[in-house]
Amino acid sequence: DAPVAFILGPCQLESLAHARMMAERITEACAPSGARFIFKASYDKANRSSIGTERGLGIDEGLTILAKIRDEFGVPVLTDVHEPGQCAVAAEAVDVLQIPAFLCRQTDLLLAAGETGAAVNVKKGQFLAPWDMGNVASKLASTGNERIMLCDRGTSFGYNTLVSDLRGLPIMAGTGWPVVFDATHSIQQPGGQGTTSGGEREFAPVMARAAVAVGVSAVFIETHQDPDNAPSDGPNMIPISELAGLIDALTRFDALTRELSLKP
Amino acid sequence: DAPVAFILGPCQLESLAHARMMAERITEACAPSGARFIFKASYDKANRSSIGTERGLGIDEGLTILAKIRDEFGVPVLTDVHEPGQCAVAAEAVDVLQIPAFLCRQTDLLLAAGETGAAVNVKKGQFLAPWDMGNVASKLASTGNERIMLCDRGTSFGYNTLVSDLRGLPIMAGTGWPVVFDATHSIQQPGGQGTTSGGEREFAPVMARAAVAVGVSAVFIETHQDPDNAPSDGPNMIPISELAGLIDALTRFDALTRELSLKP
Amino acid sequence: DAPVAFILGPCQLESLAHARMMAERITEACAPSGARFIFKASYDKANRSSIGTERGLGIDEGLTILAKIRDEFGVPVLTDVHEPGQCAVAAEAVDVLQIPAFLCRQTDLLLAAGETGAAVNVKKGQFLAPWDMGNVASKLASTGNERIMLCDRGTSFGYNTLVSDLRGLPIMAGTGWPVVFDATHSIQQPGGQGTTSGGEREFAPVMARAAVAVGVSAVFIETHQDPDNAPSDGPNMIPISELAGLIDALTRFDALTRELSLKP
Amino acid sequence: DAPVAFILGPCQLESLAHARMMAERITEACAPSGARFIFKASYDKANRSSIGTERGLGIDEGLTILAKIRDEFGVPVLTDVHEPGQCAVAAEAVDVLQIPAFLCRQTDLLLAAGETGAAVNVKKGQFLAPWDMGNVASKLASTGNERIMLCDRGTSFGYNTLVSDLRGLPIMAGTGWPVVFDATHSIQQPGGQGTTSGGEREFAPVMARAAVAVGVSAVFIETHQDPDNAPSDGPNMIPISELAGLIDALTRFDALTRELSLKP
């Protein structure tokens, strides 16, 4: 079993300089633990709570920046796509296409993503049971793509709240595809601040630890140098100053999970 | 206050002949009650549970059929759109564009739909609280479109189950936009049959009655001449043979709601 | 089918004078509609959110007052019991014993209540599915008691929130026992105010209407002359000044439900 | 920080011989890890799903057996109490009184348990938020008792399903009282088998591991030599043959949690 990997980055691209600074600090945070990571950032926040908030740099500038990060830092990069027509172009710039949770049942988007041959990380809809993700993976796999990851980012639980049902991790692993736990979106409070989503940042490390003890292939964590002033997802992102400690703890829990042969 | 209106039709378009037959039988079912209806059918089931199920006739043939139904029967027609690029072309053929629940936060789709000037019926995501629909309506209204309808089709409640929180109807009406209750999707069991959704058809009339007693502008009901053999949503569609009785009951409950000035 | 009946009264007994005043005003509110009611009040709030709140007059004084109300007003009276030992003594003073929702699975309490021969109204636990109430009723019925009522007061939905799944009403009616809808507790927000429960009073009439349109044997409504200053459940009780209008509306909806033969 | 402790035993007492055999095998399972445990068993299943299932040996025989186990094995013993009148007598035989989840808001039961001076383990109601347990603990603490444990055994999530929200563990720890995670009831499916509860035994070790990685004072695990033929809770109990391996894994995860100073 491979050690746990990480998907790390800011919620959205802000500028090339910002992406470089984040990639550099993430590299530094992972180095002591020898942790491998994929750099993550969005070029477009296509489904924000309200119309009056920042959407991002757009696909052209965004992909250019991501391709530069990939080249300069020698790390794989990931971004999310929102329409079938974006998949092929994004796949030229990035290594992993991500399907947002709201869109995880959109057949055309899944097929277009799968057909690029890029790895695809698909997030479980907040409205889906973990066992429903087998059908989602089958849509992707119907294209011949065998680089599929299934990601849990929480499940609807009453209003403006998500819950992480960790039983879902081994259930999704039962499909045979690697499973990712999204530690920062799982603790989001959707719509919880009126026109933006809230969150309780302090629970992200807690839930990440729990997921790694259960056994996952990767952990997804959004991070920022100044979450309280980030253009999106501030309430749930981890300050980058705390990332090294978290990565260290998670790799140690993962080592124990693997030593005990408990990883699904 | 206007009497309750209806949005009626099969889940998906099967052929011109089938659409004509359905429109005719729906017209007959509504006539005794004097009920107004919008004919509804989908040209593409873009987010079905699994890849192996019927998607529909496609946008070209579908819109042609819907335009014919509109002309021949003199009724407004409604269909759902799935990508921004579909909105303008669909708006030429139909009177009402519908935004599927999973897509209700996709800003570009909402803007493209709003910009057509057509009426837009947006379904509340199963993952959203009713008060979150104000932000969704604002995205639409930002285009200057003032023909917005907000539709409740159930809220995630545990796995493979939806619940209708009827408090959501007056809460959504508080936005000032007319509110629609979707009686047949609200009682769906998403993914409840492995590769398709289940449902308990007998509860659709029950919930429709409750919603009309609470007070709504319109009720959305999918119907079919043979639900058990319909290409999609069979478990929750109403047999068309039962439609006249249901429309009659609902218009009578609505008359009482209006007489008592209880409609929001 | 009998017209809908009502279970009406303040959350808790405050004094004989208060109970008399409430019974008188409830009698006046029901008279124009010819509605039958059972007078409800608690002698002990045995499971309040926190230790620092008012529990009530206690069983001795409470039962004395309830017996007086029964005699003076010629109405049946109902109260809730919390331990097996309270059942026999309460059954001497009241017509209906009520099993609180949290206690609806306590076998000894159900058996003791059933054995009194008094009618028993058992509330569905917030943690139970409606179909689970068949087993609860069977515990009661095992005593030979055939005067059983099943009452829906909401189901847990995320934290500090209840939802009313109205499908539960016909499902519970499928047991053959009459079904009661509790309109004021269903809209409670348990623990929602820190050390007391919150609620949104304005939704009680809305949900009561919906339940009557679905079809129920009785509606349970707590009412008070000054809810904002009541010793318990103020946020969800109906002001008594609004009771007559509500009873009138509900009896009219019920008449329509019965006319259309829709009552389960 | 003390190492994680365990509360272990069969769901219900079956006989003195059975309790001895279980205590012996549990002692053997804990010895290699040096884990401390409290022996748990119920003398009465007072709230079973249906009337036709086994309730247990009763309080007199049950307490006699528990007192013998305590003496013979030199371990603390725990049992659950259901009415205020049982607390004082139970506290003579056992070290820890347990308040069942359904009863966690019953003020008289909490006060009676607290007044014995015995340690009290109170389970969070499936209908309560973790932050609501502060009020529950305050009821207990109002008696002067300072030996309080708060236990999470899952939260209602739709029908016939529980979910473990692990954020609840640090939230409850914020009260200052030690927190227990109940790994076998958390994965129960209440009422999920018609007249009994179901469960998915394989998830109990998974969730226990997650809870220990989050950080808890103790883990509660029901175990049996033949769960499939146990008189209650068979679907979710751990076979005793697997207990030693589980205790070993959990103590190792706990050691890492403590080493990293992550325990709340």
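All chains are identified by letter, namely A, B, C and D, in their written order; residue positions are counted from 1 within each chain.
One rule holds in what follows: a residue touches a chain if its C-beta (ideal position, glycine included) is under 8 Å from a C-beta of that chain, and two chains touch if they have at least 3 such contacts.
The structure displayed is predicted, hence computed values, not measured ones.
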**Request:** Please state whether A-C or A-B has more C-beta contact pairs across its interface.
**Result:** A-B
**Message:** Going by average Cα coordinates, which chain is farthest removed from chain B?
**Reply:** D
**Request:** Take the average of all CA coordinates in chain A, do the same for chain B, and state the distance between these two points in whole angstrom.
**Result:** 33
**Message:** Could you work out how far the Cα centre of chain A sits from that of chain C, in whole Å?
**Reply:** 48
**Request:** For chain C, jot down the residues that touch at least 2 other chains.
**Result:** 155, 157, 159
**Asked** Along chain C, where are the residues that touch chain B in the complex?
**Response** 155, 157, 163-167, 169-170, 187, 200, 203, 206-207, 209-214, 249, 252-253, 256-257, 260, 262
**Asked** Given the complex with chain B, which residues does chain A contribute to the contact?
**Response** 46-51, 55, 82-84, 102-103, 105-108, 125-129, 131-132, 135, 138-139, 142, 155-156, 159-160, 190-191, 195
**Request:** Report the residues of chain D in contact with chain B in the complex, numbered from low to high.
**Result:** 157-159, 161
